[in-house]
Amino acid sequence: MDCQLDIFFLEAVLNGLLLAGLLALLALGLNLIFGVIDVVWICYAELVMIGMYGIFYVHKAGAPLIVAALFGVLLVALAGAILHQLVIRPVLDSAPINQLLVTGGVLFVLQAAATMAFGIDFRNLGIRFGSFTFADMSFSYSRIITFGVALAAMLVLWLFLSRTYVGIAIRAIAQDRQIMPLMGVDQRRIYLITSAIGGGLAGLAAALMVLQYDIYPQIGLQFGPLIFMICVLGGLGSLIGGFIAAFIISEFIAVGGSCFATEWGYAIAFLFFMVVIFIRPQGLFGGRS
Amino acid sequence: MLELTDIDAGYGAFQALFKISMSVKAGEVIAVIGSNGAGKTTLLRVISGLLPASAGAMTMDGVSLRDTPPHKIIETGIAHVPEGRRLFPRLSVESNLKIGAFIPAARKKFEERLAFVYELFPRLKERHAQLAGTLSGGEQQMCAIARALMSGPKLVLLDEPSMGLAPVIVAQVFDLVRRIRREGYTVLIVEQNVRQVLKIADRAYLLEVGRIKASGAAAELSASDEIRKAYMGV
Amino acid sequence: MMRMSRTAVIGLPILIALPFVVHQLFGGSEKYYLHLLIQILIWSFIYTGWSLMGRFGLTSLGHGAFTGIGAYVTVLLWNYAGLTPWLGIPAAILIAVIVALLVGYPCFHMRITGHYFALLTLALTEFVRLCIVGLRDYTGGSLGTQPRRYGDGLSLYAMQFEPDRVLSYYIALALWLVGLYVWWRVDRSMDRYALDAAGQDEEAAASVGINVTREKLKITAISAAMCALGGAIYAQYQMYIVPDTIAGLGVSLNIVFACIAGGLWVMLGPTVGAVFTQVLSEVLRVTVQGSPMLQALFGSAALALDTLIYGLLLILFIIYMPKGILGTLLDKREKASNQPPPPSRVVLR
């Protein structure tokens, strides 16, 4: 064990904080979809993966990074809307397991399609922003940018959900679905918009991830289950819960990873998760499901 | 304004309404009374589109309601205050009112209507940032009615507004209905509290087991022996 | 049940005689066909184990954890502690059951169902996979590991039988039959009616004295034990295990897909699912490898084509045939003969 309360420990803690921004953003999309539509997109991480490939190729083709990022957001937003329209809608009224499985099918399809289209080689945008050193601690600029953008996006989303008519409708539909027509709200339209927003958030996460991580078809399996775990820990459907859970889990990963090997950081995070769920299965901020 | 002709409706194999015909003219307060299970709530749900009618015709100012998708019915000028209030518990009072103004026509007049509603219900203005789920029963009813008014309706459907409320609050709620009527709204009110509702209504329909058993001026029905024995405990 | 007996009377002798039929028909490549049959039988056993929970609405995405525990614990105990699988497998099963109960108890006690339950179990399977990969010094990490071959690979003590395909076949057949027997016993037991009732309305079930939590825990233990056993036998047969084929989310999804495809409420449903999925992936693999065009188009990535088709079929199945192949066929047969549905049918909520 390599764990002292020294500067490296602090560095790990702060890096954990930066990581939390990205994880919170990912959890946000998933929680939004679940809270509003009552569906879990098992393939959420794969949508991010598609976004990453999209951004990669558009940028390689010559577009500036910002444009590629915007393209990524729109691409996955569209993918989310299509996913809802074609795959989710037919099974909206069936047992929850059907919805999970159908998105599981999409998971396979997206992974396989990506493998066939892009091959299994790891790709990387090769963008280096350098790092920022402070008191013997070093933080990469990409992480800092990721954290900042993620936080900004969440702020924008919060404003949207609390100030605009559609945003309020989205929050309302999660609380009482049946009377929405009485307000003049077309439920199907709101679901579609929410799916697009969920996809857009995934696309934004993709844009941030290409700055730091390699792209390969199976990457979804690396962080997908982690995001589900974060959402369940915070209470599935709770935007606040997901946010807080993301920070808790990131700290476990970062600190655990620096004291032990990387896998153990994750394993300890999962273990913590299992313990909390044992005591409070509905998650930190969850109501009864 | 509102015309129902021979409306049938039900839940699956169970028919709840049989050949219901009624009309509501502008400015009236119409009461629909009857015991539990008579079909009163079903009637309102059919009008506002939450439940499809299986036969018959419904029009609002000439527009066929049966041909209108449920979420568009509010645009014909009908606002439904559902049974049990059904506020959005984790939204603030003001957010609840805002969602009431969702339709494009209402959005334009939002500020104006909000001010009007706050004047009508000062208590709501006080509590405008409070979560709707934490309001008292009477305040929730106020908020639910206010939310319906935000869409700028011509006809307000009130489903059992006195249900679950203490008698003192019930009196306040019926006062509210009087006030709304004075502001020019037409009201169709479904109630189990026969005594109170007949005091404020112009005309009333008696619903029994899904059929209209009697109808007429509220005063008439109020005086009828049959009704007094069956529904007012005389 | 009458139907079952007639099928059994005809089917069983055929299955027992099968290796010899295969030998006659396929001469030189019988090892390959036997291998296919063995895979089908072992996975059928695992799928049947899962279906014991799935049919009562307890849809777990975590059974990849139990197969993984079954496989890895057995192999590791053999490789590092020299413990014969005759003891190692029960140990693995015990561990799997304990884990299942540890996770199941809070879930059932707090009435966690549906999405929450599925995602919790998903987290469990991921946790197990992470541990397997993390312990790479022992488990070989993502590259997998092998049980140490004892002698020439044929040994009662080491429970190794891989070189003798025919023997392996009969072991797998016996395993499969045991699985069907367990399914049959559960189906006829009081527990089954208790769970059916609980599946429809937990409060009502509890009010007639059914200890819902205890019933669910019982069935979870049986289900986990079966999957662990299946995983262990798989390891002993394959003589090589890799996290991605025996543990993790992919395995869990495969299990559920096969059961859904085959039919969840019928005894042979999971088996039909296994036949379907194994044959499908073999056909796809052979087609892809035998097709110069596909190879040219996609290179090594062509192997992903079977996953693609798999995924598409899963989606189509869920949308259009949620009762699975067998379930839908049986439904059609009933409608044709106008019989009322047998009491073993639970309405798909």
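Order of writing sets the labels: A, B and C. Residues in every chain begin at 1.
To be clear about the criterion, a residue touches a chain if its C-beta (ideal position, glycine included) is under 8 Å from a C-beta of that chain, and two chains touch if they have at least 3 such contacts.
In this text the structure is predicted, and so the values were computed from the model without any measurement.
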item	value
Selected interface, A-C versus A-B, where C-beta contact pairs are more numerous	A-C
Chain of greatest Cα-centre distance to chain B	C
Closest chain to global C-alpha mean, per-chain Cα centroids	A
Chain centre separation in whole Å, for chain C relative to chain B (CA means)	56
Rounded Å distance between chain A and chain B, as computed from the means of their C-alpha atoms	43
Between chain C and chain A, distance of the C-alpha-averaged centres to the nearest whole Å	31
List of chain C residues in touch with chain A within their complex	57, 59, 61, 102-103, 106-107, 110-116, 118-120, 122-124, 126-127, 130-131, 133-134, 136, 248-250, 253, 256-257, 260, 298-302, 304-308, 310-315, 318-319, 322, 348-349
Touching residues (chain side chain B, partner chain A) in the complex	48-50, 69-75, 79-80, 82, 86, 88-91, 95, 98-103, 106-107, 147, 151
Chain B partner contacts - residues on chain A that touch it in the complex	162, 165, 168-169, 171-172, 175-176, 178-187
Of chain A, residues touching chain C in the complex	34, 38, 40, 87, 90-91, 94-98, 100-102, 104-113, 115-116, 119-120, 217, 221, 224-226, 228-229, 231-232, 236, 261, 263-264, 266-267, 270-271, 273-274, 277-279, 281-282, 286, 288-289
